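Once you scroll down, you'll see the structures, which are given as structure tokens.
Each of the next two complexes has chain A plus one other chain: chain B in the first, chain C in the second.
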Partner chain A sequence: MATELGPTPVKAPASGGTPVHHAPKGVGEDNKILSQGRWASWLLAPTIIALAVVIVYPIISAIVMSFQKDAGLDPATGLFTAGGSAGLQNYVNWIAQQCAAPAGGTVACPPGTLGGQFWSATATTFIFTVITVTLETVMGFWMAMIMARTFKGRSLVRAAVLVPWAIPTAVTAQLWLFIFDFQGIANKIFNASILWTGSEWPARWAVIIADTWKTTPFMALLILAGLQIIPAEVYEAAKVDGASAWQRFRMITLPLVKPALMVAILFRTLDALRMFDLPYILTGGANNTTTLSILVINQVRQGFNAAAALSTITFFIIFLVAFIFVRFLGANVVEQSGASAKGKK
Partner chain B sequence: MKTPKFLLPVATAGILALTLSACGGGGGGGTTAGGGDAEAGLDGRGPITYVQGKDNNSVVRPMIAKWNAAHPNEKVTFKEQTDKADQQHDDLVQHFQAKDPNYDVVSVDVVWTAEFAAKGWLQPLKDKVAIDTSAMLKPTVDAATYKGTLYATPKESDGGMLYYRKDLVPTPPKTWDEMMQMCSIAKENKIGCFSGQYKQYEGLTVNASEAINSAGGSVLDKDGKPSLNTPEAKAGLENLVKAFSDGNIPKEAITYQEEESRRAFQTGNLLFLRNWPYAHSLMSSEGSSKVKDKFAVAPLPGKDGPGASSLGGHSAGISVYSKYKATAVDFIKYIASEENQKFYAIQGSLAPVLSKLYDDAALVKKLPYLPVLKTSISNAVPRPVTPFYPAVTQAIQTNSYSALKGEKSVDQALSDMQKSIESAGAGS
Partner chain C sequence: MTAATTELRAQQDRGRKAAQNREKWAQARTYISALVILIWCLAPAYWMVVVAFREVGFTYDTSFFPTHVTLDNFITAFDTSFGNRFGQALLNSVFIGVVVTAVSLLIGVFAAYALARLNFKFKFLVLGFILGASMFPGVALITPLFQLFTNIGWMGTYQALIIPNISFVLPLTVYTMTSFFREMPWELEESARVDGCTQGQAFRKVIMPLAAPAIFTTAILAFISSWNEFLIASQLSSDATQPVTVAIANFAGAQPQQIPYTAIMAAGTIVTIPLVIVVLVFQRKIVAGLTAGAVK
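This part shows the complex of A and B:
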């Protein structure tokens, strides 16, 4: 937002001098600012309207739907009839894992219904998120450190690293499906006979490996951007003072790259929380690899309103994680660089 | 200074939420059947649109070109969807919900018919728009029928067949038990014995229902209620579980979809394979195939005779929101006509729905498996015809998968399946 308003201070010194004649036809100073404000709001309006249409409206409409019952079958005609208001029932059903009972009312969801998978899907989603983001951060950091050095063919390496990230996830998933085939390369290389997509932890590792392969470059590039704003003089000064490589990394690189690193981790975390394509294609959600997103998509085919409730719950879970992150991140930024930041600005 | 930093992730979270909620969006109403819609436009004639998934067999465009040449005032436009069944389904649902009058004739997978009919989206084909189905194979007609009313005309069928190695097994097994006994031949040759498709996906529903139906059970009874607490259903699922546990079905089959299982058979690693007819031409023509002249097909083995295949295929339905239903009816009759069915079979290897074409000498020459396929389709049982199909298939997949992996007893799996389906039918 700040960047859009940028031009205003830039213009100020020009208007302070003698009137230049390519300025708008003799408009007074106050009027000019006023009209600029109006002009700005006109310029912003399309964006705001677009955001309202594509973000606010669907979210509100999903929330409204989540309080409606799904269509039920009229036994006499065999046709669906609208369900009416559900109150909080959809939410209760997901969180307490209650399903409709044949005799009316609800029972604990039997295995094989989507309702019974809510908490296991939540757990799976978080397991995937924690493991993949950790792996990607460590490996991304390492790759970024390498790419930050000056060596022959550096731009080639940087471009090559991007390849996995550039491939669409669905294609990646299909490739890894071949690799993890029973007679695929993974088993051939390790001379093993693991049913990668056919048992619980191998299936999870298959997803984790594929995801790490795909998104580590993204982490690496974000961290690399952070590394490059660290001035070389700081390192030189530290070397002169006799700091070891490890000390330089811990006392200079890490603190200075931290803001960029935290943003990268936040992005990846939010991204990993909505993981869909990889497990969907690799395992179809079997062997406890059903993530919340897969659950939502499966539920959409069974009833929109319950799916709306589930996606609202998912929204709040992701929102909560983002919020915790920002508080944590914000606090750290203020604590570490608050004084120097104040001095600079 | 803090606000922008705060806004960024919130905006990100908002965008993420959007991606999730967008899937739920656009739902809601449109569930009560429009009696008025079904009555409107019955005499209307004019240009219409035909909607179908990707035309992999290159038959739709020539078929439509021929129609358009003969009907210059009622031209048909082809709207091609993706080649993914789930996406085709969701695309149709969205357009029906929007009451789109431009989706006149749609290609409907056999398992969607009941759902679309119960939502009131498909034109009932009765009275003025009745269609003569007497020449068609009965299971294909049953699959297009919901609560006694025909909602679409069958246009291409599909059924499972047993591929076997004729060089190792001179006469194919007629029953499941016979086949299991022949597994000793597989052991002597150090190859796997039998496989179908057992990954947790739609194909597992096909295979598990086949096992249950072949043993004399059924997933749903006539009233659409689950009937999995029977000894027959138990015997059916137990056949598969037992074959897995004693190795007659190799353990890697738990990761197989159609193509993986075909590769296993094609590289000579299986004695018997359950698959669809499409595999026939690939296995007899592909250069990498090691079984080119060494395999033949037979009907699926059952309890005392041919087993009950799950039925595949598509039907052509008319949207209740179409304005030109008279043209649409003529068009779906044309798709199901003998002339066009023959063209579909010869050009695209699609299994016809007309019974007599299976005995047509020219066709059998081109598609040698037709007589076997006729037995398969005639004995086929449509996958459960229910408007709650997505929930039913989920219940079957999840629970039979656990049973096949030995994580759950057969009794437990069937009882969970029964309860899950009951719960889906109970609505909310």
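This part shows the complex of A and C:
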């Protein structure tokens, strides 16, 4: 606790003779940390055990399953096979878009089958992610900037942005399905006659618009929280020094809000990569709106093990994106949230 | 001399006026932007409510204001003759939500206390693990759970819906509560001890009242995320146990090829209104909970 005041670096001669720059801990403090550690493990045990049961166990069994053959009729012999080890075959089948051939071996999956949709589903997932996260970041930033100003009715606006967030996604999907109906209000307002769910890009835009509507508020609130920790004096000082509004935004707002912004973008990106509810209900995955999550769900009833391989690939993709964010783009989530009570001020 | 003074004064006047004008213009722009945000956020929700109160025959009436107002859609929403079980689904959602929230809070509160208050090795690892768990894709769980629950005969049972839900809600609970606990003035506990309270009294009289709002807010967030869950429920629930999200997604009408929009909007309104009211009443707390951890 004494370290809170910022310890004066004590040069303690270590065994190698090199000075170390941290205060040596007393024996008492060591004991304290040890006993706190014991306490902590008791307190954390229920959560860790629960998460191990509901998350770690399913992941491991999914990975095990993904290396197994699906039970079914062997197309070569016409006999029922009970499965057995498949090696990497399930993964290869998805990535190379190969299906089991009647004559044995594999052939390119015929169009329309699930096996032939891996790359289009991946592309769709990334298209949705990039467009929605970009739109949500830009609009969210704008909304946050407005909400950070003082004006009459500000609390009304802050309350209103919570409404789309509070509506369940399943309801949101049905609502936008109705809005985008051929005879619906969207066509009426824009005086258009678009069959929104009838072809590729209109269907995609329907999903993108609905998602943007639903999740921009979340983004705006996260960014607003980041904006509010910037002290007003910094802006005052910049104003006195003659910085223009654009300069103030670029030199003060952006760098200071960046940590919060990166975390918000990371959260949204990972969320968008697993998008399921909206396209599943809104378009049913038709017209190239099938995301990876939808493809997994469609596969589950046709073969667990192939589905497990696909879900493992999906998990890996999401993990990879998170890794890139944390490693290269400086979205330091744990540190952002984990700055200990000690580290404060 | 006087001419110069007048000139100067006039210049100052002009400058002040320009500044005032700029100020006014900036204010006006703020209000216009605020209005745009309001319309963007509220118009679709408003439309849902308007259609919920509109007669079926005028489903595609596009007048912005309530017309052909009726309560029939709310009766249709609860009607079970087309295979919809909306009433049952509401009860299911409440039940699942309450159990998931209670379990997550009960387990998570200890973890949050440890993460916020104690110093121990591997703290960042544990935090990272819990954060990673909250970002976990639901589809990665569904395949093994589908097989497991089929094998042990749990398909369509409540526990088959509650257990996976805990995997989403528990990390969120721990994460939110940790941030709240970190903000609490724990020194008060020690002050109370110094003033002669026992540890139990200090906890009951000082810490509990301070922690209660944090726990309550976390409970609301936990309940909402369980209430909104769709993916797992759409695969693992049966007609008897399905939550509202699944019931609304699969809502059937009299004619199979015609979507009963007005009834669906009525059902959506019923599902949404209590949530919106709770969220608006506890607005400040909810926002604090949502953004907890992302900043600070």
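As a convention for this text, the second predicted complex is superposed on the first by the 285 of 345 C-alpha atoms of A that agree within 3 Å, B and C clash if a C-alpha of one lies under 4 Å from a C-alpha of the other, contacts with A are read in each partner's own complex, and residues count from 1 in each chain.
Going forward, a contact is a pair of C-beta atoms (placed from the backbone, for glycine too) under 8 Å apart; a residue touches a chain by one contact, two chains touch by 3 or more.
Quantities reported herein were computed from a predicted structural model and do not represent experimental measurements.
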| item | value |
| --- | --- |
| Room on chain A for both chain B and chain C (clash or fit) | clash |
| Touching partner for A:162 - first (chain B), second (chain C), both, neither | second |
| Which superposed partner A:207 touches (first chain B, second chain C, both, neither) | neither |
| Which superposed partner A:61 touches (first chain B, second chain C, both, neither) | both |
| First, second, both or neither for A:272, with chain B first and chain C second | neither |
| Contacts of A:198 with chain B and chain C, given as first, second, both or neither | first |
| First, second, both or neither for A:135, with chain B first and chain C second | neither |
| Partner chain(s) touched by A:148 [first = chain B, second = chain C, both, neither] | neither |
| Which of chain B and chain C A:43 touches, first, second, both or neither | second |
| Touched partner set for A:325, first chain B, second chain C, both or neither | first |
| Residue range of chain C overlapping chain B upon superposition on chain A, of 78-86, 114-122 or 186-194 | 78-86 |
| Set intersection of chain A contacts, chain C complex versus chain B complex | 54-55, 58-59, 61-62, 65, 181, 183, 263, 267, 270, 273-274, 293, 296-297, 300, 304, 307-308, 311-312, 314-315, 318, 322, 333, 341 |
| Partner chain B, residues of chain A touching it in the complex | 1-2, 54-55, 58-59, 61-62, 65, 68-73, 77-83, 86, 89-90, 93, 99-102, 104, 107, 109-115, 181-183, 193, 195-199, 263, 266-267, 270, 273-274, 283-287, 293, 296-298, 300-308, 311-312, 314-315, 318-319, 322-323, 325-326, 329-330, 333, 341 |
| Contact set on chain B toward chain A in their complex | 1-2, 4-10, 12-25, 27-29, 31-33, 86, 89-90, 117-120, 146-147, 199-201, 251-252, 254-255, 260, 263, 387-388, 390-391, 394-396, 398-399, 401-402, 405, 408, 416-417, 419-420, 422-428 |
| Contact footprint of chain C on chain A as seen in their complex | 33, 36-37, 39-44, 46-48, 50-51, 53-55, 57-59, 61-62, 65, 142-143, 146-147, 149, 151, 153-171, 173-179, 181, 183-185, 188, 213, 217-218, 221-222, 224-226, 229, 259-260, 263-264, 267, 270-271, 273-274, 276-277, 280-281, 292-293, 296-297, 300, 304, 307-308, 311-312, 314-315, 318, 322, 333-342, 344 |
| Residue ranges of chain C touching chain A (in the complex, touch as defined) | 27, 30-31, 33-34, 37-38, 40-42, 44-45, 47-48, 51, 60, 62, 107-108, 110-111, 113-121, 123-124, 126-133, 135-148, 163-164, 166-167, 170-171, 174-175, 178-179, 182, 224, 227-228, 230-231, 234-235, 244-246, 248-249, 251, 259, 261, 264-265, 268, 271-272, 275-276, 279-280, 283, 286-287, 290-291, 293-296 |
